[in-house]
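What follows is a set of structures to go through.
Look for chain A in each of the two complexes below; its partner is chain B in the first and chain C in the second.
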Partner chain A sequence: MIRMNISIKNLKDIVDMLGTVVTEAKFKIGINGISVNAVDPAHVAMVSLEVPKSILSEYDVDSEEEISLDLEKVKSIIKLSSSNDSLTITKDKDKLKFEIGTIIKSISLLDNDQITTPRVPQVASDDYAVMPKSEFEKGLRAAEDVSDAIRLTLTADNFSAKSTSDADESEMILPKDLLKELVCNGAIKSSYPLEYLLKLVKSISSNEDIKISFKSDYPLNIEFSLGSGTSERIKGRFLLAPRMES
Partner chain B sequence: MSLPDDYRPDNIDDLIINDETKDALKSWINSWLNHEETKKAIILWGNQGTGKTSTAYALAKFGNLPIIEMNASEQRNKENMKRIALMASEYHDLFSSKEPDKLILIDEADNIFESRNPSKGGDSGGLSELLDVIKKTKNPVVITMNDFYAFRGKNNAKEIIFLSIVIDMTPYKRKNEVNYKSFFHKAFDRLKFISDEENINISGTELNEIIKNDEPDIRSMINDLYLYKTKNNGITENSRDVSKSIYYMVSDTFRNNNYDYVLNSLHSMDDDPNFYMKWLDENIPYEYSDPEDMMRSYDVLSKADIYYGKRLNDYSLVNYALEISSGVSLVIKNKNEHYVKYTFPEYVKKLSARKNNRDRYNLRNFMTKLSVISHTSLSEILNGMWFYYILKTKSKKDFNYISTALDLSDEEKNAIKK
Partner chain C sequence: MLFSEITAKFMEMEKTTKRLELTDILASLFKDAGDDLKNITYLIQGKLAPDYENTEFGISDKIIIKALSNISSLSEEEINKILYKNGDLGTTAYEIGSKIRQRPLFKENLTVKYVYDNLTLLARSSGHESTKTKINIYKNLLMDSSPDDIKYITRIITGKLRLGVANSTILDSLVLAFSDKDYSDAIETAYNFHPDIGYIALLLKNNDIERIKNTGPDPLIPFKVMLAERLKSIKDINEKMNHNSAYEYKYDGLRTELHKKGDVIKIFSRGLEETTMNFPDIQKNFKDSYKFDSIIIDGESVPYNPDTGELYPFQMVSQRRGRKYGITEISKEIPIVMFIFDILYLNGKSLVNLPYPERRKILEDNFNDNDYFKLATRIVSDDENIINKFFEESIENGCEGIVAKNTSDESVYRAGARGWLWIKFKRDYEKELADSMDLVVIGAFNGHGRRTGAYGALLMASYNDENDTFESFTKLGTGFTDELLFSLPEMFSDKIVMKKPARVNTKIVPDVWIYPEIVMEINGAEITVSPAHKCAYNLIEKDSGLALRFPRLVKIRNDKKPEDATTTKEIVELFKMQKKTK
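Moving on to the complex of A and B:
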């Protein structure tokens, strides 16, 4: 059986983050928490989330189980509630029952076989930068009307994000002292799709820090935290494939 | 998964396609793998079941590339095209890191959503985005479609075609060419293989029957094979309703001894029964060499024609015409085993060739209709044509009454002249 109580803030953060890449997702409901991986149809972007049991005020799961959901339906339930509510979720055969105050809504589960869960590729880099999400977002916004792609560069002194088109150019340079952490053993640069990065930063709260790591022509790995919680948080990873340079 | 999906061949060599097509496919995918591609996309077109999608999958297997597919079940407007195909064409795949690292499949491109709704922003849709994908792509793109000629007329299609290799997947053009033989053998071997794998008990003649029934649609053949697996009775009761071209209908009528089968396929015929009878009429002399056979078959046809003629009294009589004419083969002693190229009925050809003749044909139709209803001979009506002409020009009301009573077509009305 599955029964849990989750705050609207946490549920909304999870659904919004998954919504950046997919419309349907398969959740693994484990004994110690929930995990979910989702990849976009073009295999360019991947979201991977770990929700620890401790952030849920109630969590009652007998054995590990997978459930697949239409995210749009969950969003419509979130819209029914105010942000400091919490809701109780129970699984009833092939339905998932949501109880928010006086409202009870059931949505049908999707067929688990119809939704493929990607394996998470092995992506690791020694070079990284930790920065406030708001700083990173500024650079993305500046590039928004310039190009579809953004080139990230990391050196021992700074982190920069640059976009160029035939006509326009946009660049953001974050020197070392504006970064929380910087580890770089030699300059690296690589281009990534701007649209997905913008969607990603929109789904992260503005006072969060993010950790960005990559290599030249190598997938980008962004680590972040979601939701509310004091000791433990929802841990997230966002992977983005590099642009093919010719 | 359905049986045809289970048995999609993994290998280009296992595809039931022409050797020239195979060579063209291999050299195209190899050009990508060797980084010397000149055409970024390939267009595979042909009827359903000719192996377009299977070919795309086999190409991906050949290059050991994952497939990013946009099929017809998704809405393929500009946004989705950009989000999926364009992303896939310009960015690496998270799960592989070669170059090229994936194959992009745009399935059934003839149904791509090309909206011209300005309220939704912009006036261009999926095809302009597809063109953009082909221009920018760093990965091979496979586009499949049924109707190449209809596609060619769409916006942006010319440029898409210019940037692509176009391959006609039709396995053979005519039945008497060498490609047909090779197609038949390959299809037979494939069906035999599948029936062995699936423990389907089916004889060689039954396999032949399936192939002849469905050719060139291999997907349908495998689906029909599946019917043998699920039910044990014969195919005639299970077979799907597929309308056949009149050409094969004529061939079946002359050669197939299974009367029920022939009649069943006639019932799903799209053509006019008279047109079918004209085809038989034209081709009996080519098909049968024995004069007695010829005589007997024309006898059958003429009886059918009597019922066809009586359709003006009661249209359901047309069914008798069909049922009689489809039995032509039953009266034949010496069946023709050789290939015969059936020809289009001269009568109809000449009718359409000269408008003058068409008028005469329409006039005759009018006279026949009138003679049936008024019990008057044709020559009598011909003598009174001046009257009907005056009626037509001077008294609209009376003429309308007659034309509704006789159910005259516009052409028939126009044929009434001075």
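Moving on to the complex of A and C:
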């Protein structure tokens, strides 16, 4: 059986984050929590989330199970509630039942076989920077009307994000003292599609820090936290494939 | 097998127009295909299943352009420019695929199975979200493919693979790949009863020659109908038949196969296309009238005036084809009677190897005429006066003429074959050329003067079924209404190709090459020897072929495939017949 109680804030953060890459997702409901991997149709961007059971006020799962959902339907349920609410979710055969106050809504589960289980690529880099997400977002927004790609550079002294087109140019430089952490064993640079990156960063709360790691012409890995919670949080990871420079 | 192995063969095939080389390339592909063999036989035809399953991709060029724009950061307008330059969406996808600098996080192993499964998903997706799903699947394939792979995948889903190999070439390649003996006759017969190359491929690969030899009609699988030869006089027919024949009315309707198995009744056209949707009335009437477990009958569906019982011409029934709406109203206004003239299968048993008189007897024992189903009117006689009277009567009753049916012990049902067991005789055989011909458009010449902006003439070809080529036979410029004439550029727009297609054989070079897909029914005055045309080249006279003088369009035959066109062999027969009567 599956029965849980989740705050609207946490559910909304999960759904919005997944919504940056997919409209349908397959969740693994485990004994100790929920995990989900979603990749966009072109296999360029991937979101992975780990939801520990400790952030759920009720969590009753006797064996691991996969369920697939249409995220748009979950969004419409979230719209019915206010941000301080929490809701109870119960699985009933091939439906998922949501109870929020006086309202009970059931949505049908999707066929698990129809939703691809993405292969999570092994990505690892020793070089990284930790920064406030709001600073990073500023640099992305500045580049938005310049190009559809952004080049990230990491040196021992700073982290920068630069976009150029035939006509315009935009660059953000975050020196070491504005970064929470910086580890760099040699300068690296790589370009990424801006649209995905901006969509993702916008979905992270403005007071969060993010950890960005990459290598030259190598997938970008961003780690972040989501939702409310004091001791444990929802752990998120975003992977973005590089764009080769011509 | 990796899809890139198919891509490599496709690239080889594009470099040659020689049939023998094409056959060799395909045979080597089939040998390496392993478990993917069946799917590969469909993919090389640009399909996912045999024709009669009507699997269509349902994706327009516009959607592909949208997906390409989506993935490349080029605007749709820019992609249209590239397309205009290339004239081919496959090459455009190649060009864009080579320019994509965005890498994916991971690539799927692009196996034949992976491509086939994804294309099947793409074809099956329907409903209001289907465009999005189709775009996503295509994008997915594009990111997983090399530029060369995506070129052919794009051509497959837009129906423009055009490798220049017809079914007969594919069958030959299969024999070459899997058999050391020549079973081509048995294979041809099997294919005519079960026109699914994938099915034949598996039997050949498993060396199951017995099953190939025993392949007969199968309820709910359309077969290629038996066809009739033609002669110019009843006297000739009587002699050819050794005075052993029956004569039936030749109804002017739509050739119809009706299949029933259990509770399912399906109707197919002579083009093996399922037309049950267009004839729900025939389906219902059959269900209400007869109780057979399983049956296959062959006949002609003819529209009639419900008030007088008078038969309407064929054109009235074609109004019903391709219509999904208002069919109930139309079936009341233009009801249809199916004239049954043959039976191939009854309650679990094939009847095709029984002689015609026995099959006719089975029909008579099992069918009582009603308003919707009647047995074809016939006589058994060799008296020319009686046959002539029967012929006159058939014309008065709204028929095209009569068909003689051999009544000897040899008179089996031969699927897909035109043979002397059936011989047709039509009224217009007496004037000018014996009969109209169905020719294939292979090229067009730009129009001048009043025809500026349209085509001035079309280059038409016969089908040489021995070497699977289309041989130029005549230049057609008359018989078009203005409306039709000015609609041709639009009709041909997606069939124009940059160079001479592999299967086309012509000395005359048109302004525009048209990929052989459109069949037109043509009348003409006379067949003459001509050094300019390639039809029957060197067969009648050295360095010369045959040409049709004063051709005139009768109508466009959307129900025929190019391989159903009049064959070069038939034209040679007509030429000889014409000489005899001069």
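By our rule, the second predicted complex is superposed on the first by the 245 of 246 C-alpha atoms of A that agree within 3 Å, B and C clash if a C-alpha of one lies under 4 Å from a C-alpha of the other, contacts with A are read in each partner's own complex, and residues count from 1 in each chain.
By our rule, a residue touches a chain if its C-beta (ideal position, glycine included) is under 8 Å from a C-beta of that chain, and two chains touch if they have at least 3 such contacts.
It should be emphasised that the depicted structure is a prediction, and the values quoted were computed from it without experimental measurement.
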{"item": "Chain A as common anchor, with chain B and chain C clashing or fitting", "value": "clash"}
{"item": "Touching partner for A:Asp62 - first (chain B), second (chain C), both, neither", "value": "neither"}
{"item": "Which of chain B and chain C A:Asp126 touches, first, second, both or neither", "value": "neither"}
{"item": "Touching partner for A:Leu239 - first (chain B), second (chain C), both, neither", "value": "both"}
{"item": "Superposition clash, chain C against chain B - the stretch among 363-371, 399-407 or 525-533 that is involved", "value": "399-407"}
{"item": "Common ground on chain A, meaning residues reached by chain C in one complex and by chain B in the other", "value": "39, 41-46, 118-119, 121, 193, 217, 219, 239, 241-244, 246"}
{"item": "Touching residues on chain A, where the partner in the complex is chain C", "value": "39, 41-46, 118-119, 121, 148, 193, 217, 219, 239-246"}
{"item": "Sites on chain A touched by chain B in the complex", "value": "39-46, 118-119, 121, 149, 192-193, 217, 219, 239, 241-244, 246"}
{"item": "Touching residues on chain C, where the partner in the complex is chain A", "value": "71, 73, 101-107, 135-137, 139-140, 142-144"}
{"item": "Contact footprint of chain A on chain B as seen in their complex", "value": "66, 68, 70, 83-85, 87-88, 90-95, 99, 101-102, 138-139"}
